[in-house]
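Alright, structures below, take your time with them.
In what comes next, chain A is part of two complexes: it sits with chain B in the first one and with chain C in the second one.
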Partner chain A sequence: MRAHRIIIVIVAAFAVAVPILGSSYQIYLVELILINIVAAIGLNLLTGNCGQISLCHASLMAIGAYTTALLTTRFAITYALALPAGVFVTTLLGASLGYPARRLSGLYLALVTLGFLEVVSIAIEEFSDLTGGVRGLKLEKPELAGFPLHTAGLYYFVLAVAIIAIRAGLGLRHSRYGRAFDAVRQSVIVAQALAIPPGRTKLLAFSIAAAFAGLAGGLFTAVVGFIDPTEFDISASLRQITFIAVGGLGSVWGSVIGSVILTLLPEALRGADEYSDVLYGAILLAALVLAPTGIVGLFAPVFRRLGGGKAQLS
Partner chain B sequence: MTWRIASQLALSGLSVGSIYAIVALSLAIPFKASRVLNFAQGELVTLGAYIALVLTSYGLPYAVMVPATLLIAAASGLLIERLVVRPIIGAPEFTLVIATFALGLIIRALIRIHWQDNVFFLPAPYAGPALAVGPLRVNPSYLVIIASTGILTALLVLFFQRTKLGKAMRAVSFDPTAARMMGIRVNTVFGSAWALSAAIGALAGLLLAPVIGINPELGHLIIKALIAAVIGGFGSLGGAIFGGLLLGVLETYTGALFGAALKEIIPFAILIAILLVRPQGLWGATPARV
Partner chain C sequence: MSLLAVNDVSVSFGGVVAVNGVTMRIEANEIRGLIGPNGAGKSSLINAITGMIRPDSGTIVFADRPIAALPPDLISARGIGRTFQHVELFRDETVLDNVLTGLYSHHVYGVVAAMIGAGRARRVEKETRREAAELLEAFDLTTLAAAPVRDLPFGIQKRVDLARALAVRPQMLLLDEPISGMSEAEADAAVATIRALAAERAITLLVVEHNMRVMMRLATRITVMHHGAILAEGTPDDVHSNPLVVDAYLGNADDNA
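For the complex of A and B:
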């Protein structure tokens, strides 16, 4: 058994044991990590692989969260249906953002996604009859097919979804689509010469990123039980960008590592809550200036020695 | 709508637009020089207002406080250029965008830690009851904002046309390598562009403070300034002013005619329409597409 397999087994055993050994707060924390992992994987495929800046990943997460929440509370639809519906709506809106955005790049893309972020937050505040506006929306505990999900049940559900998301991320990353993303990032002209349509590829990347964000949003509603617009503002988008920039751009495991470390870090420094934005900003800045390849890049030789080879870094 | 209401609205639209124009100008100057769009510019506006607040609390008279604020702001612009921007010049656009964003996040969070979400009002000698100008009633603060924008524009035109540093900035923005070979110190030019931009941002903060009060979210107006810059075309100084004024007037009229919800949405509708149809802006010439 190779060393990296052993690590995966240890982490998996730990993840399974959390509801048995952990306090309810620790369970909640691990659930947040898992949700952040799901969101970060989607963003990393779009930004790290396809090279498209997105400042509105948090608003896509908001769309998933609000759709799931409204379907369960206002229309009494079971969570098992509301969650995929949320993912579907988010993917659709992500694609409708990606359609005009596929022709833009760099700065102009940053502006359009920033505009999208603003429009979503205005929409949440304007339609306060439906969304609760700035006061937020409180939710019942979710139930799956008639069974209410209690702490442990919800935890294992989130864990299962996160594992599927990681698998899907790895699969996508190594599929022809994932390679097409990399080609478009590196050179649009070369991609075209290889018969990869850049517009359609970018549109696909936007839709996939939106699907992951919508899924993360739907899980977030169930886990936190309360959503309001401040959860999904520009700082949230920047936090997600910090996850992938620190973990490693273009790497699924980078998204995972970044999400784990940066979700735990503010906990390690508890009592300094007000400094969390300063901390995130400083870490993001330091990562961009000092270590553009992220943790995965910094420790690439170590990972390789563990036996994962190049695939380990993906 | 009578003529009186229409011109009253135009006046307040122009004063809002002037603020957008000033911030859009402060975005355009370093962008022109170093191709870096400073997403932390909104926080430099906020910072300017808080510097003014601190200086005023030390009892400095307004006439001394304003130039002191602009100088301190310019120094902070210089510092930002040296510490954050210069190490990443030439990096991928993602790095530039996110790094300046991160910087803004840090500044805003630090301000919030120190002053919380309180709103402070900065006393200004010109603030007072509305004046009657013909049939119109005019808030003197609005007049000062519009006049300052005019004076600033004139000074910038002189600066870029007549002074050595202004000409050097234009040369660097045209071609940094050629400029360096002509003996222009490109790094000095970058530094001065950021200092100038930070000072202009602080001026916007100074002008806004008596009207809407000082709070950590003051810098949020950067979104409007960015849209103004898109309307006018990036890096075009004339375009920035034109875009800012147009956006301010459009927003005010939309608000008056169709209500607040549409007023909030209209800038983004304009943003998306322009980026789709004419990404180089109504004024600029650089295409945005790949």
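For the complex of A and C:
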């Protein structure tokens, strides 16, 4: 058995053992990591691969979270249907953002996505009859097809969804679509010369990113049990960008590693009390300066050796 | 019927006329050379044919269908491929990934199939890789498949560029200075490769090249541009002995190799 397979087995065993060995807070923490992984994979395909900056990834997550929450609480629809419905609605809204945004890039795109973030946040606050506004929305424990999901059940459900999301991210990354994303990021002119339509490719990247964000939002609703607009503000969007930048832009495993490390980092720094934010920022800066291609890029030679010379990191 | 018909095409940039009423016919399986001094309008004409620039007037008809209003990716999908003067490869990607990207439009499966790893996606992806392997083989790049392009010498990058352009399976290929920056020996090898490729794959070529010596051996017909218009057209020998052409080139002696 090769070394990288051993790593996968260890990680898998750990992931399965969490609800048996961990405290309820530790279980919650791993669930947050898994949710962040799902969101980060989508953002990385859009930003890392297709080269389109987005400051509203957290808003798309909010749309997924609120749609799922409202369907289960107000319309008594089972979580098993509400979750995919949330993904569907988020994908549609992401596509309707991507349609005009496909002609933009760089600073203009940043501004447009920032505007979208504001619109979503204002909408949540204004339609407070439906969304609970700034007071937030409390949710009952989700149930899957009649069975309430208790702590362990919910954990394994989130784990399964995250694994499927990683699989989907890898599938896309190594498909014709992943290659088209990479081509559009590097040169629109060359992409066109290779019969790759840049507009449609960007629109697809926006829609896929939204689908992952909506899925993460729907999981967040179930795990946290309470949502309010501050969970999905600009700092949440920026945090997601740091996940992929630190982990490795354009790499699915980079999204995974970045989400794991940066979700755990504040926990590890908790002992530093009032210095924890400063330390978090300093570690972030150090990571970006020392490993501009992300942690995945930094360890690429090591992984390649572990994998027997034919590593597929991303 | 000609494969490509350029009819009275003009292109200008803010009052500067780059292409002035050019009419040109290219027959299937021709190797057409396009020469002219710097600023003669060769690149603008190529950009108009490939849709990178919308002509101010005139029509362009390829395989009996007008293309002048289409975006570049659709023109490419219709069968007009191109390479770029300054090799525009995806530098951080491997040779194989560059060629795979060029196969985008010919091996199709859905987004959901890609995500769930459906049988169809896997099967088509396997075909994609088989075709890429054939192209690498044809250009003697098999052993370099996993090498990042940025590490390769310029002459090899040119070969990768050509392999990637052929991945789009063009009926007609526009080569923008395919041998610039090559030594004489490399240039001779490249000419042989390009000729063989055109013959084996039945590809019509439009080649922009400064090097007159190379063009004389490569092209079946040559079009000479000067000041945005066509100055002369004919067999390499006709063009070479045409006093107008000699004049135009003497005025720009540096361009004449």
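Throughout what follows, the second predicted complex is superposed on the first by the 290 of 314 C-alpha atoms of A that agree within 3 Å, B and C clash if a C-alpha of one lies under 4 Å from a C-alpha of the other, contacts with A are read in each partner's own complex, and residues count from 1 in each chain.
To be clear about the criterion, a contact is a pair of C-beta atoms (placed from the backbone, for glycine too) under 8 Å apart; a residue touches a chain by one contact, two chains touch by 3 or more.
Keep in mind that this is a model prediction, so the values were computed, not measured.
Trainee: Now for A:193: first (chain B), second (chain C), both, or neither, which partner does it touch?
Mentor: It touches chain C, and chain B stays clear.
Trainee: See if chain A has more residues touched by chain B or by chain C, and give me that chain.
Mentor: B
Trainee: Figure out whether A:226 sits in contact with chain B (first) or chain C (second), or with both, or with neither.
Mentor: In the superposed model, A:226 contacts neither chain B nor chain C.
Trainee: Which partner does A:14 reach: the first (chain B), the second (chain C), both, or neither?
Mentor: neither
Trainee: Given the touch rule stated above, what does A:175 touch, chain B (first), chain C (second), both, or neither?
Mentor: The answer is second: A:175 touches chain C but not chain B.
Trainee: If we overlay the two complexes on their shared chain A, which of chain B and chain C does A:75 touch? Say first, second, both or neither.
Mentor: In the superposed model, A:75 contacts neither chain B nor chain C.
Trainee: Once chain A of both complexes is superposed, is A:118 in touch with chain B (first), chain C (second), both, or neither?
Mentor: first
Trainee: Which chain A residues come up in both lists, the one for chain B and the one for chain C?
Mentor: In chain A, positions 198 sit in both the chain B and chain C interfaces.
Trainee: Sort out for me which residues of chain A touch chain B in the complex.
Mentor: It comes out as residues 47, 51, 53, 55, 100, 103-108, 110-112, 114-115, 118-119, 122, 126, 188, 198, 234-235, 238, 241, 245, 274-275, 277-278, 280-282, 284-285, 288-289, 292.
Trainee: Can you list the residues on chain B that touch chain A in the complex?
Mentor: Contact set of chain B toward chain A: 37, 39, 84, 87-88, 91, 93-95, 97-99, 101-103, 105-106, 108-110, 112-113, 223, 226-227, 230, 234, 261, 264-265, 268, 271-272, 275-276, 279, 288-290.
Trainee: Tell me, which parts of chain A touch chain C in their complex?
Mentor: Touching chain C from chain A are residues 167-168, 171-172, 174-180, 182-183, 186-187, 189-198, 204, 208.
Trainee: Hey, which residues of chain C end up touching chain A in the complex?
Mentor: Interface residues on the chain C side: 50-52, 71-74, 76-77, 81-82, 84, 88, 90, 93, 97, 100-105, 107-109, 111, 114-117, 121, 125, 128, 164-165, 167-168.
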